[in-house]
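In the two complexes that follow, chain A is the common piece, with chain B as its partner first and chain C second.
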Partner chain A sequence: MILRCLLAALVLGGCVQSGTSTDDPARQSASWSWALPFYFPTPKVPSDNPMSEAKFQLGRALFYEVRLSGNGQQSCASCHEQGKAFTDGRAVATGSTGEHTPRNAQNLANVAWHSTYTWANPALVTLERQMEVPLFAEHPVEMGVNDQNKATVLARFQADRDYVQRFAEVFPGEPIGFSQIIKAIATFQRGLISAASKYDQYLQGKAALSAAELRGKDLFFGEQAECFHCHGSFNFNDQVVHAGSGLAEALFHNTGLYNIDGKGGFPEPNRGLFELSGVPRDMGMFRAPSLRNVALTAPYMHDGSIATLEEALDFYAAGGREIKTGPHRGDGRLNPFKSDLIVRIQLNEQDKANIVAFLKTLTDEKFINDQRFADPRRSK
Partner chain B sequence: MKNLLMISASLILAAANSALAHDGPHDDEGAATEIHLLSNVRYLSAESAWPSALPVLAASQEDLRGMRYGGSGLAWQQRWLQDLSSHVVLAYDDHEQGMAVDHAAFFYHAGATQWTLGRQSPLLASGGLSTWALPELWLNTVLGDDHWHEDGLALRYGTSAVIGHAGVFRGAGLPGAESALWSTGLEWQDGPWHISGHAAYVAEVKRSLGSDAHTGHSHAGQATGCAQLIDCFAGDTLLMRANARWQGDQFWLHGAASWQKQDGQLESTLAKVNYQGELAGFALEGGVSINTELSLALRHEQMAIHHQLSGVNAAQIASKNGIANSDEWPRQTGVRLAWQAHPAHLLALELYQTHINGESNRMAMLQWQMNDRLY
Partner chain C sequence: MRLYAILACLILSACNSSGDSATATPISPQPDQAVAVQFALKAGGQTAECNTTLPALGSRATSAKLRDARLYVHDIKLINALGQEVPLALTQNALQYLNVAMLDFENTTGNCVGSSALNQQVTGTAPSGQYVGLSFKVGVPDTAKDAAGKEVILNHSDTMAVPSPLDNMALGWSWQAGRRFVQLELNPDVPAVNGKTVNWFFHLGATGCKADAVNANLFSCSNPNILPLRFASFDVAKQRVVLDLASLLQGVDLSQDAGGAMGCMSGPTDPECAQIFNNLDLNLNESAAGKKDAGLPKGDGSFSKVFKVELK
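This part shows the complex of A and B:
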């Protein structure tokens, strides 16, 4: 230190500085601050729906609000439970009228960075647009809001003095409408940050991984298991958009889960991008989900047809799935539209156990227990 | 390390005669043609790689351990007219692992003025401490381990006490330079004192941050796909060096300060952010001539690194490019024992202790320099 000061004082009058300073104005504003690790990019927030704490808290209340469904029986949280990393533990979700959706409810951790939403819809690029699906969808019914009951649903909030006050604070001069409800819930969802898993602690030098977890990490990010090709981002997926993004890439993959007709067919109405495009090569193409908290989000795949992490690894190691009996009979490994990334992988049982051990380090206990994300009516 | 010390001792005892550096023409009024055989053979032994990865943009990935031959080759000096001469050096380049044209320049003298046209070393390159076998930490960080060559025109004007110089060069020596390098400087000498200051400026630098400092013998490289595929720095670069030397009959003392400032943008795949970076280097050297053949010197170098990024994803871009944490002062202390028992041969042993990124590294380097006139 003495020598350093002497040198600096002698040579440059002590004006030399050392260190790195960064300033990202998009991470902080008067009304919101993103508390993110250094390896998380700054989220992209629509200019017409900026973040604020009051809006986040309003969205939180609405997220857990059963009065938001047509029959007053279901809330967003019915299919997105905090303790299950905002999934529901079922193969496919059940709507407010008891109707099953064809797909598995997705986890909501770090959804702010997804470039598309739902399992296979490249057109849904904002949370605001995505939310119209569960709110207003009729085939199947989820929240069950429709033209006949819209006014009734809104009247529930317009008659609630607390909500009236909070909406007026967050959206001054605007009526209580679905546009405002959607913006508030989207703000809450953008604030659902999972960045305190054991792996995050490891990245920040605050925790050590066990030998098995480290070996699993190396396999995950290595060319042997190749998981990272589709799950290699900070969010453990391959669809990431952020405040600095230029053109956001939206990748979808056919993993060889089905091949019901020997020509690559997937069972209706779960045929991936094909459902929207009708283009044959889009058959079975789905978004790779984020693997954060993956140990809590079973069952897996777009239709919840794989029950455990171990089975999921067996499926990828085999390069697809062969179903020998039943209506979905067929060898997905031979699906002609299967991604080139899904090939048979040489993994022994220890390798698989190590990868599972690593995947479990992505569980964020703070995230699933954080009272800030919990039902405000029940939170401590 | 023990073996190396034994080897060095035996080499020192067995060697004969001295060496010269090969930069610049030799003034021999009597000879029209001179051809010299040059060697600069070095062997670096270290506990871990040198240089360690520093928190600087596009930190060099090159490990200089083992044998190095860079600078070994042939030098041809030709006096064409009384005031016109040329100097060509064809030497081995460690990075390219082949021979390369180190120098190829014409010198024209007109009174106190000297013009140099062609490939040469900018005076700023030699503006630091005296030449040791291991490159200066600051210079190595800025340029990578290579001789600094530039193609261009330099003017030098001097009186007995003061020399000024200015030059314009292609800028190929500075990694990523896409426009001319302008340089200038002033030197003052009075008795045992010598003080100098040099500066160089490149207005347009575009440099890939994913690759090594080098892109071959010439450092300038193509940076394509910036912000789409790779991260790049785009901006300007200012280099400044100052040094003061006192040379007594037996002792010498030498201090130097070097400074690089980069100002522009980091064009990352994550976003474009404003960037200002500084790399300061300080060095002190003290030495003693034990007798006419042996000298002993001690050198201490220290650097300060500063980065400032502002814009979307600034922290992540800093992390991605290895500059998120630069709050450390890399330092290196060395001792050099040189034996010049013959005018054409020099043997040196250098021992170092470095402290970079919180890790220490002990090193030893042997050097054999030769400058033997063949013709």
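This part shows the complex of A and C:
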């Protein structure tokens, strides 16, 4: 019991200090109410984009809207499918014109609390700014909106009576523009809350974990498996921002996935923060993703190069990955920029199976089946 | 009643004169003069246009066609005979906002992909006087003051929420939440790869950008990559500034890519960037460990090999 309390304290540490609680007035307003368990802090919402139900619903429609892409072929949901916790099941994503992104599409559960977005980019700290990348980027093209087609794309919405009415309601006196579209989709994304997994029910005293799951949990949060260092928050990552946050340095880690040159090199263009900074110590540094719904978000890692949870466990147990053949040959375990938190750890087959069993308790069936998050044109 | 009015007038005028003592002795104000600074894009001796073939560029003398050629400049100043730099107040229009202007050397003919209009000049007004030189910077500043003196966020502003020309999406750089300062794109005359024409890019922009931990609208960049230019001798009436592609690409092999992005997208370890930044007198990385001069110019831009002055 004492152990359980200690563990709970570890998990809840972030929010205990946050100064937010269930009766925080920020949790409710006339147009929005955050329905969160007590161990979830209140999200930080940009002051120029307050939450409202109408905006959430408009954003939901736009999230599933293929007319938002330049060629009308792709929506946000094309790479972020609800049934896969808003990932796409592929190693790397494919844009509207067939180009591949270099990285794995990320899950969107609880994105409201991330302090930076995408796999490794300290320039992107709001969902609003992040969204400009998939919408407008050219290298590679994702949604493919550009100077030539932007008026055409907007005209699709400006000519749609239903959208005109809904935009007018949500953004009175404003035109239908990309700023408004982005704000609405960001609002929908902030509302994508996963807090009803078996583990959440366990934390709330509504469900019991099996012996294997409990053992996996203890390993996960213990010094033997060390998972919690980077995945220890309520959101199972280590980049958390919320309404009560003070200054926090965004953390990025090299986990020893590659070492293609014996000097710690990762393959281009997936060298993490190094791609932006060129600073040697930034080589291979990526954001630790949230592990909520992780059983649904395979394949894993920034480039989708690990297929299963079991393989991911083997990778961490080995303290990195040795690739013996091919262009990415090299011993990542010896990567000089590897995080000190990634060391060879003693995990037997049962340990690994138990940790996987625990990770599966983070699957939130309510989240992936919730009609509120589904395509409004298809939902019941 | 009348007395009151006279007294009030006296008091008011006294206040007026004391409050405005600087203008009490009127000097006939010098009328501002309209100034247009002309720019040109060339490849060696040849004017670089969309529908012509550019000859012999780079280390392998690769011929190429222009695909895109746009850049932002700011802080345009005229230098007087005393060496003082006098800001050119830019005419505010679709190509100029606050102290930033977009130059556009492509017109969608040939292989070009941008907009149909060219813009090869920066226009504005300067106090009347004799000017002998010119300075400006390539790039978009973090901020500039508007007419009311209020600081306006520029480079890291949202492309959708700012006036033209900063709303140009082709020059938006969403992954750095900023702008491409220079977008020069070529189709080198090399065999197509998988049936696709080879595109070669030079994108200059601030890199290593980080959003502020408190204010998500503020950014700092480890490599600002703003390029100053200074011409001590420049006759705005008779001369123009030339961006010479042959000098920019000197020593760069356009026939193949040595690594990193195809061409150079300001990547700190991209081999093409090393050569191009050297040609621009811009530090791609720190000149020595701990110098903190990555992305800073090596000088004040007086000796540019890439930007030159010539007769119009």
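Note that in this section the second predicted complex is superposed on the first by the 358 of 380 C-alpha atoms of A that agree within 3 Å, B and C clash if a C-alpha of one lies under 4 Å from a C-alpha of the other, contacts with A are read in each partner's own complex, and residues count from 1 in each chain.
By our rule, a residue touches a chain if its C-beta (ideal position, glycine included) is under 8 Å from a C-beta of that chain, and two chains touch if they have at least 3 such contacts.
Keep in mind that what you see is a predicted model, and the values were worked out from it rather than measured.
K.L.:
A:F38 in the overlay: touching chain B, chain C, both, or neither? Say first, second, both or neither.
P.N.:
First partner only.
K.L.:
Who does A:G278 touch here: chain B (first), chain C (second), both, or neither?
P.N.:
So A:G278 only meets chain C here.
K.L.:
For A:G177, select first, second, both or neither according to whether it touches chain B, chain C, the two together, or no partner.
P.N.:
The second partner, chain C, only.
K.L.:
Check the contacts made with chain A and report whether chain B or chain C touches more of its residues.
P.N.:
C
K.L.:
Does chain B (first) or chain C (second) touch A:A318, or do both, or does neither?
P.N.:
After superposing on A, A:A318 lies clear of both chain B and chain C.
K.L.:
After lining up the shared chain so the two structures overlap, which partner does A:V343 touch, if you call chain B first and chain C second: first, second, both or neither?
P.N.:
Neither partner.
K.L.:
Between chain B (first) and chain C (second), which does A:L214 come into contact with in this model arrangement: first, second, both, or neither?
P.N.:
neither
K.L.:
Check whether A:L334 is in contact with chain B, with chain C, with both or with neither, and answer first, second, both or neither.
P.N.:
A:L334 sits against neither chain B nor chain C.
K.L.:
Would you please give the residues of chain A that touch chain B in one complex and also touch chain C in the other complex?
P.N.:
In the superposed arrangement, which is not itself an observed complex, chain A uses no residue for both chain B and chain C.
K.L.:
Within their complex, state which residues of chain B touch chain A.
P.N.:
Those residues of chain B that touch chain A are 55, 227-228, 242, 255, 257, 259, 268, 270-272, 278, 280, 282, 284, 300, 302, 304-316, 318-319, 323-329.
K.L.:
Within their complex, state which residues of chain A touch chain C.
P.N.:
Answer in residue numbers: 46, 116, 121-126, 128-129, 132-133, 135-139, 145-147, 150, 177-179, 182, 247-249, 268-269, 274-279.
K.L.:
Which residues of chain A touch chain B in the complex?
P.N.:
3-4, 7-8, 10-12, 16-26, 38-42, 242-246
K.L.:
Spell out the part of chain C that touches chain A in their complex, as residue ranges.
P.N.:
The touching residues are 114-115, 158-161, 168-170, 172, 174-178, 207-211, 213-214, 216, 219, 222-223, 259-261, 265, 267-269, 284-285, 294.
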